[in-house]
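Chain nomenclature is as follows: A, B, C, D and E, assigned in order of appearance, with residue numbering initiated at 1 for each chain independently.
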Amino acid sequence: MINIGIVDTTFARYDMYQDVVAVLEEYTTLIKYKRYTVPGIKDLPVGSLILFDRYNCDLVIALGMPGPKPVDKISAQVASQGIVNCQLKVGKHILEVFVHEDEGDNDDNKLKLIMQNRASSHARNAIDLLLYPEKMTKRAGQGVRQGHKDAGPVKA
Amino acid sequence: MINIGIVDTTFARYDMYQDVVAVLEEYTTLIKYKRYTVPGIKDLPVGSLILFDRYNCDLVIALGMPGPKPVDKISAQVASQGIVNCQLKVGKHILEVFVHEDEGDNDDNKLKLIMQNRASSHARNAIDLLLYPEKMTKRAGQGVRQGHKDAGPVKA
Amino acid sequence: MINIGIVDTTFARYDMYQDVVAVLEEYTTLIKYKRYTVPGIKDLPVGSLILFDRYNCDLVIALGMPGPKPVDKISAQVASQGIVNCQLKVGKHILEVFVHEDEGDNDDNKLKLIMQNRASSHARNAIDLLLYPEKMTKRAGQGVRQGHKDAGPVKA
Amino acid sequence: MINIGIVDTTFARYDMYQDVVAVLEEYTTLIKYKRYTVPGIKDLPVGSLILFDRYNCDLVIALGMPGPKPVDKISAQVASQGIVNCQLKVGKHILEVFVHEDEGDNDDNKLKLIMQNRASSHARNAIDLLLYPEKMTKRAGQGVRQGHKDAGPVKA
Amino acid sequence: MINIGIVDTTFARYDMYQDVVAVLEEYTTLIKYKRYTVPGIKDLPVGSLILFDRYNCDLVIALGMPGPKPVDKISAQVASQGIVNCQLKVGKHILEVFVHEDEGDNDDNKLKLIMQNRASSHARNAIDLLLYPEKMTKRAGQGVRQGHKDAGPVKA
């Protein structure tokens, strides 16, 4: 059994956990999962580490929604760097699923759709990284996006 | 007994420690706490580490007020990255309670209210993370804020 | 036999792996290689570490295409810092082959040519670093570029 | 005896060491100190580490003057992050005493006064952190500044 | 015998190595040196580490020329942070000798002169740090520059 951790925040304005779980539940014979909730995105690096340490997770999905202000953009950078450092500490993937609030253009419906799509897309990436890495490689260099339409490969 | 560290600065223009303690005192049978004061926000990462190392704290609350100038914003980023790195070193939470001085819009009353509210809200987060993590998870994705009105979940 | 890892992303809009391999295949008696694909550039640091850890690679080539928006530029900085940190952890080179999407000036043909050229040029750098370091030193201070025309040494 | 390290630079345009020593000399029965000089601010993190490693210092005071240009501001950020990282490595304080050259508004007298005051104030912080931590705590949240007039606590 | 490492890049448009060596050759009975060349500035941190690890260097001089574009400025920050982190890992100095291409104001003669002067000045700093630290301390706070005219101490 593979063990996936999911760390999320109370700050985010949509509960992406449900969209991750909807994907993981398709693989109940192969995958179990554990959730841990922290206040904001800068708590996600240690939240991920706690999931690795306490629950021996093989991969963590880190769900967060950075705010729209300059100070929030800096917080996102700090959080991302911490998530990268945590991965280098444990030698395992943390898939950062960040949806910046201003990606929604002040439209809550649009924001929710991006969050749903990005969360479920990265849940599938988690499964492929752990179980079907050859599927990842088939998509290499193909301009794949999560939460937005694929950009696709260069037309050249 | 759970052991919470509180690290704060002489630079900040309001003593958030009292607001943290007012919350922790509701849990005297469960929680003890230790205070340590440093000059400014860039001293908070090692101040937190000292609380973890010397007093075996389970979690640290780091209280700081970054100034309003560009150089202060850089200091805040450096401090935050250090706080994240410290958490990854010890595998325990540091709740960063930063109120940027310009959040107060040059109104000391407003600044004080934000600092009081953010400090006490994160004190409650500290308790929930350590004792009642299921309460954190109930608030996941709900647009919770500290020091300002909750943004609430997406209306969609 | 020298062992080169190649980590690439599904986000990139061109498959630079083929251009790296075309170079490496000229050295089949000396070099073997292993590929690993991750979602985006911020996954490249741990992707590189996995190649070092699992496959005992001597050097990793990290292929990525940062997007054109400000948030993408921050992601590129976070990824680059992680790649540097990973190198300091293992004591081995990771050659970062990043082509920013806006280097192509919205011309897919131009973008593809830069990606092809930069990938193959860094594949040759990888070989020289591992097998012929004296060739690297001959080019020291010569204004060598990858993906664009060499700047050349100062005319003075 | 407590052992304080002082690391400074040849780049700075005023010798803050003398102001630090004037304070430390008031405590000759309690404190000894050791000086080490490096070229510029980015050399201060390892300079501090060398003082900790070779001379077993209990705390280091790092004196520097970042220049006024954008490239100097980045250097200051890199240096500060390194100083924080060094503190997390050794678990001891480094008090960063940076005076940005442009704080002096092109007035060398003003610049010198800020540097003198900030250096001596942080020398007193060093002593309080090591010997009289309760004095630090008395000043917590009081808007204390070094090199400029105290901002004081919020008036509310 | 003291052992100095010199790491440089193929990207730079002038070969600063020769200017470093011209200084080191004045100390042939005291100093030996080893060169290692990497592609660009972000390869300098691990290049330095390799010199420390493989050749047991006591200090490394890292020679690089960041380009003039915003993306190059970010690369320089990432490289500098890596150089600082490497120093904290090994506890030894790396003297970063970076000349930003735009320091030359599009004048190759000016650029070359800055590079020559900065390289030789830092070679002398390397020697003083290792052999004559009291000479460094004599210059502390004196507004010393490398590659440009000394700013000198404050006139106050």
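Here, contacts are C-beta pairs under 8 Å (C-beta built on N, C-alpha and C of every residue); 3 or more make two chains touch, one makes a residue touch a chain.
These numbers were taken from a predicted model, which means no experiment stands behind them.
J.: Quick one: how many steps at least from chain A to chain D, stepping chain to touching chain?
T.: So the least number of steps between the two chains is 2.
J.: Would you mind reporting the rotation angle for the C-alpha fit of chain C onto chain D, rounded to the nearest 5 degrees?
T.: Chain C sits rotated relative to chain D by 145 degrees.
J.: Would you kindly state whether over half or under half of the residue numbers at the chain A/chain C interface are used by both copies, giving same or different?
T.: Since fewer than half of the residue numbers are used by both chains, the interface counts as different.
J.: Could you give the separation in Å between the centres of chain A and chain E, each centre being the mean of its C-alpha atoms?
T.: Computed from C-alpha means, the inter-chain centre distance equals 40 Å.
J.: Where the centres are mean C-alpha positions, what is the separation of chain B from chain D, in Å?
T.: Chain B and chain D have C-alpha centres separated by 25 Å.
J.: Could you check chain B for residues that touch two or more other chains and list them?
T.: In chain B, the residues touching two or more other chains are 77, 81, 85.
J.: Applying the stated contact rule, could you write out the chains in ring order, opening with chain B and then chain D?
T.: Beginning with chain B, then chain D, the ring reads B, D, E, C, A.
J.: Across the complex, what residues on chain E touch chain D?
T.: 73, 76-77, 80-81, 83-85, 87-88, 91-96, 100, 122, 125, 129, 133, 136-137, 139-146, 151-156
J.: Which part of chain D faces chain E closely enough to touch in the complex?
T.: Of all residues in chain D, those touching chain E are 8-17, 35-39, 42-43, 45-46, 49-50, 53, 70-71, 74-75, 77-79, 81-82, 85-86, 89, 108-109, 111-112.
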